[in-house]
C-alpha cells in the first residue's frame, strides 16, 4: 500500500468522522502527516527550514519537558542568547538540553542574533555538556543556525577555536548525545553542537557545508543562483539521510512543523526516549567507540583504485577491549 | 606534471630519493611588496621575501625538506585520491588539473620523519592544491596521520594551509572537521602531543577543527588565520576590519597561538618541543 | 545576646527545636528605597522589600528555615571558634561582640538538611558576623561541609554572603581560599554536585574561591557579586563604574551565574537541582 | 660560631685576597650573603620586595634555564603580558615556568601592567599548568604581584572566577609544583599561581592577604599608617616562614637580589633541582594527597576549647590507599 492510498483512506475517514460529529481530526492530521509524501522541491524546503514561525529550540523544550530550568553563561566572557541550554526532565528522566535559539519576530531575532552564536555560545554549550557528563545526564542538542556569527568580535574571541574544541570534546563525551537539526544546519556553526551518537533531521530541515547563497556566489559565480545551488549541494533531510550521515528523519505535518509544533515535538520526544533506552545501556567506552567509528567512516576516497577504510587498530589502543 | 615532481613520485617509499628541495622554485615577484627575487636567493631564504619578510606558500615537499633530518622522511597514504561523493559536475576535471599543477594527489602530504633524531608524524598541507581545501582525502589523511601517532606513540606535527572545506564534496567535507577533531581527541586521551604550525593562509573549516587543537600552536609571521573570510565579514555585515585583523600577530595578542616563529627557526623550535615533550620524561609517573 | 537566639543555641543538636524562623526580625526601613515595613509583612515576604524587591541579608537560621524540610536540619561544627593567629590586638573583643550581635560563633552555619526529602549538606554564611569575612573558622567549616558531602556522597549547597577575607587573621585568612577550593576540587573528583547560592553581598576572597566553583551558581536578584571592591576600582584607578556593575544581573550577562532566582522560589529551584542531580541516575554508567 | 663572626672572617679573607691580587670577591660576596643577618626592618623589606630593579620572572628564567621558549595566550580572550609562561630546561630537565611579570622601568611596567594580571593571565597560567600535567612536566611558578588587577574589565571577565578555578585545579594538578615568591605576594592575585607542593619566599619578599596600605586604610583607618600595618600583619618571609606556611627562605645578597641576581638565581635553581628529585619520585596521588593535607592544615581554630584537625576520613575515599 503506497502513501497516496493511505492519504485517500485518511481523507475518507475524516469525512465520515465529520458526518458523525466525532472530533478525531487532529489525530487524523497526524496520521496524514506521517504518511504525507515529502515535498519534492528543494528550495521550498530551504524556505521552510528558515521559516520564522517554525518552532525553535525553546518551543520544543517546552513541549517536550515536564520541567525545565535554563542555565546561563560560559564562565569566561558572557552569556550568548543565540545559544541556550539547561536541564529538563522528560517523563522524569533528567536531560541536558543545548540549542541554537532563533526568534519568531524581528525583536526576538535581534535579541537572539538570528541564532548566529558567538564563541561564548559554543563555550557555554561545552560547559553544559561537560556538566551533563559529570553527572551522567544525557545530552540533547537542537541545531538551528545559518552558521556561527561571521563578525569581527567573534573572530577576536576565537570562533574557530571554540567550534574546534567542541568537535573534539563532544566526540569523546562520556554520556549519550542525541541531536536534531530542526531548521537550518549551516556549516561549522551547526556541527559545533552536532557531534553525537544519534543525529536526526526534521523533514523540512537542511544541512550543508555552506549556505546555498554562499555556494552559488563562490562556485557558480552568481549569488542569485542559490536555488540551483541548493539542488546541486543536496542539502535536504532526504539527501543527507541517503548519504548515511544522519540516523533518520522526523516527520512534520504537511506545510511544515509551524502548523502543528506539538506533533513534531511528540515525534522528537518519542525518538529521544527510544534512543536513550538503547544508549543508556552502553558503557561510556562503548558510546565513544561507536561515535568515533561512525565519524571515522564518513568520506569517499579510494587508494590504488579500491575504496578503503583503515582504522590502524587505534580504537583498541584508545578504548581497551571493553 | 613537472619532472621534479616525478622524481619524488617514482620513489615514493624510498626516503633517500626524496625530491630535490626547492626544485620547483623559480624566479619570483613577491606578491606583497612586488620585489623581484632570483631563484637562488629565494631558496636560500626558504621562500621568505628578503625585502618585506612575506612568508610565501611552500610546496609540501620543500617544507618537509626544511624541517626533517635528511633522508628521514617516509610518506604514507600517498595514493589516496578523491571520489565525487555528491556528483558535482566538473569536480573530477578540477582534481586532475590540481594534481598536475601541484604535483600531488591531494592537498596534504603525510608521513613520518625525524628532527634532530626524534621521530614525528608529519602532515603538511598545500595551498596550491585547490586552495588547500579539506575534502574526504585531506580529512582521511590528517586523521590517519593523527591516529598513526596514537598507534605508534609518536608526536604529531601538522603544518596547515587551507581556504577551508572543499565545497565540491558538500556535507562530506563538513564531516571531515568532526573526523579530524575526533582523531585529535583520541590522541589527546593517550597523552601524545599535537603540534600545529599555522601558515598563510589557514581559514574556514580547517581553523574550526584540527588547526586549533594543538597542544602547542606556532604561527609563521604574517599568516592569515581565521574562521570567517574577510570578504564575508566586510561584505555581509558591513563591519570594518581592524588593522592586522586575523594575522598571526593579531592571533598571538588574542591568545590563540603560542608563538610566532620565522621559517628559518621553525626546525629548531620544533626540535625543542619534541625534546621537551619526550615520553621518557613520563617514566617517573604511573598513569 | 537575644533570647530568640538562645532558643536555637540551647537545642543545637536537636533539629525539632530549631529556632523559630524570623524570631529576630523586627519592623524595618528598607535600606534601598526607605520604605517602612512591618515585621509581619517582612516575614511573609521572606525579608524581601515589597516595594523595591531588595533582598535583605538574612540570619542563617532564618534562611535555613526557608529552604529545608521542617525539622530536617542538624547543625555540625557549631562549637568551632577562632584563635588569634597573628596576635592582632582587639581581635578577640571584636569576635565576642560579633558573637553577641549575630548570635553565632562565627560567620557560617553548617549542617545537613533535606529539601523535599532529598538530603544536602548546607552551609549558610552570615553577613552580620564581621561582614561575613572568611578566617580560619569559616574556612574550616566550609571545608568540613564540602568534605562531609564527599564523605557521605551528599550534594553540597553553600549560601554565600561575605565581604572577603578576614584581615585580622592575616596570611591565614588568605590560605582559607586555597583550603576551601581544594575541598571543592576533591568533591568534584568524586562527581558530587556543589550548588552555590550567591546573596548580597559576596565579594573578595570568597568570590575568588569556593563561591565561584559551583556546578550550578544561583544568584538572588540585585546581589553585589565581585572580587575587587567598588571603592578600590573607583578610587585607586579612577575608573567609572558602569550601570549595575557587579550586580547579579551583570554577572548573569557576563556569564558567571547560571540563573537569578527570587528568594521565594529558591527552595523550589534547589529541589529541582537536587532531583536532577540524584546519584541513582549514575546507575547505568560504570565509572 | 654565629653569623657576625662569619661575616668578619669573610671580610678578613677579602682584604687578604685583594692584597694578593686574587680575584675571589664574587665568591666571597656569595658566602657573605649566605650568612648575612636578615634586615630587621619590616618596611625596608616591603620596599625591597617592590624595588623596580629587583630581578623579575623572566630574569630568573633566563638565569636558570639552559633554553626557554615562551608560550602565549589563554585560548579564549587574549595574551596577558603581566603573566608569562613557557617551557624551559634546567640541566636538561624540561620544566613549565609560570610567573607574574613586572618591568624594570616605566615603559616596561606599562606594557606589563605592573604585574597586575587580568583573568586571561590566570587562565593562561592554568592552560600551561594543565599542558605540563598532560606531559608530566613539573611546574615552577614565580609570584611577583601586588594583586590581580582591580579594574572594571577584570571584573567583567571574571577575575574572581579565574583565581578560584586556579586554586581548585592547581591543588589537584597531577604534576609537581614549586613556587617562589620573588617580590610582592599580594592577596588572591599571588595565591592564584601559588598553590604548590613546595613554596619558598625570597629573603626580601613579602606575602600578605591585603597590601599594608589597604590594611592601614581599612583596619587602622589611615592609609598613611602602612608601615605600622606591615608590622602588625607580619608579612615578611621570616614571619610567614615562622607560621609554617612556606617551606623555606631563599637567600639574597645584602642589599637585595638586584645587587647580584645570579646569586639568588643559583639558589633557586639548586632548590628546584633538589625538590624535583624528591617530588618526581612520588605518584600523582601521593603529590595531591600531600598537597591537599598541607593546605587543609592551615588555620587556627578550636572546638570545645581544644585545637582540632578533623579530616573526616575523606582522603582515603578520594585517593584510594595508594
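Chains here go by letter, A, B, C and D, matching the order in which they are written, and residues are numbered from 1 within each.
In this text, a contact is a pair of C-beta atoms (placed from the backbone, for glycine too) under 8 Å apart; a residue touches a chain by one contact, two chains touch by 3 or more.
On a predicted model such as this, the values are computed, not experimentally measured, just so you know.
**Student:** Could you name all chains that are in contact with subunit A and with subunit C at the same time?
**Tutor:** The shared contacts of subunit A and subunit C, listed by label, come to D.
**Student:** So what's the Cα centroid distance for subunit B and subunit C, whole Å?
**Tutor:** 53
**Student:** Return the distance between the CA-based centres of subunit C and subunit D, expressed in whole Å.
**Tutor:** 32
**Student:** Measure off the straight-line distance from the CA centroid of subunit B to the CA centroid of subunit D, and report it in whole Å.
**Tutor:** 41
**Student:** Please output the residue numbers of subunit B that touch at least 2 other chains, ranges allowed.
**Tutor:** 188, 254-256, in rising order.
**Student:** In subunit A, which residues are in touch with two or more of the other chains?
**Tutor:** 75-77, 157-158, 161
**Student:** Got a list of which chains touch which?
**Tutor:** A-B, A-C, A-D, B-D, C-D
**Student:** Give the list of subunit D residues in touch with subunit A in this complex.
**Tutor:** Touching subunit A from subunit D are residues 75-77, 119, 123, 157-158, 161.
**Student:** What residues on subunit A touch subunit C, complex-wise?
**Tutor:** 67, 69-79, 87, 89, 94, 120, 124, 131, 134-137, 174-175, 280-281, 283-284
**Student:** Can you name the residues of subunit B that touch subunit A in the complex?
**Tutor:** Residues in contact with subunit A: 77, 79-86, 88, 135-137, 139-140, 143-144, 147-148, 150-151, 165, 167-179, 181-186, 188-190, 204-205, 207-213, 226-229, 232-233, 236-237, 239-242, 245-246, 254-256.
**Student:** Using the touch definition from the top, list the residues of subunit C that touch subunit A in their complex.
**Tutor:** 188, 191, 193, 215-216, 252-259, 269, 272-273, 275-278, 281-282, 284-286
**Student:** Touching residues of subunit A toward subunit B in the complex: what are they?
**Tutor:** Of all residues in subunit A, those touching subunit B are 148, 150-152, 154-161, 163-165, 167-169, 171-172, 187-188, 191-192, 194-195, 207-210, 214-215, 218-219, 232-235, 240, 243, 245, 291-292, 295-296, 298-304, 307-308, 310-314, 317-318.
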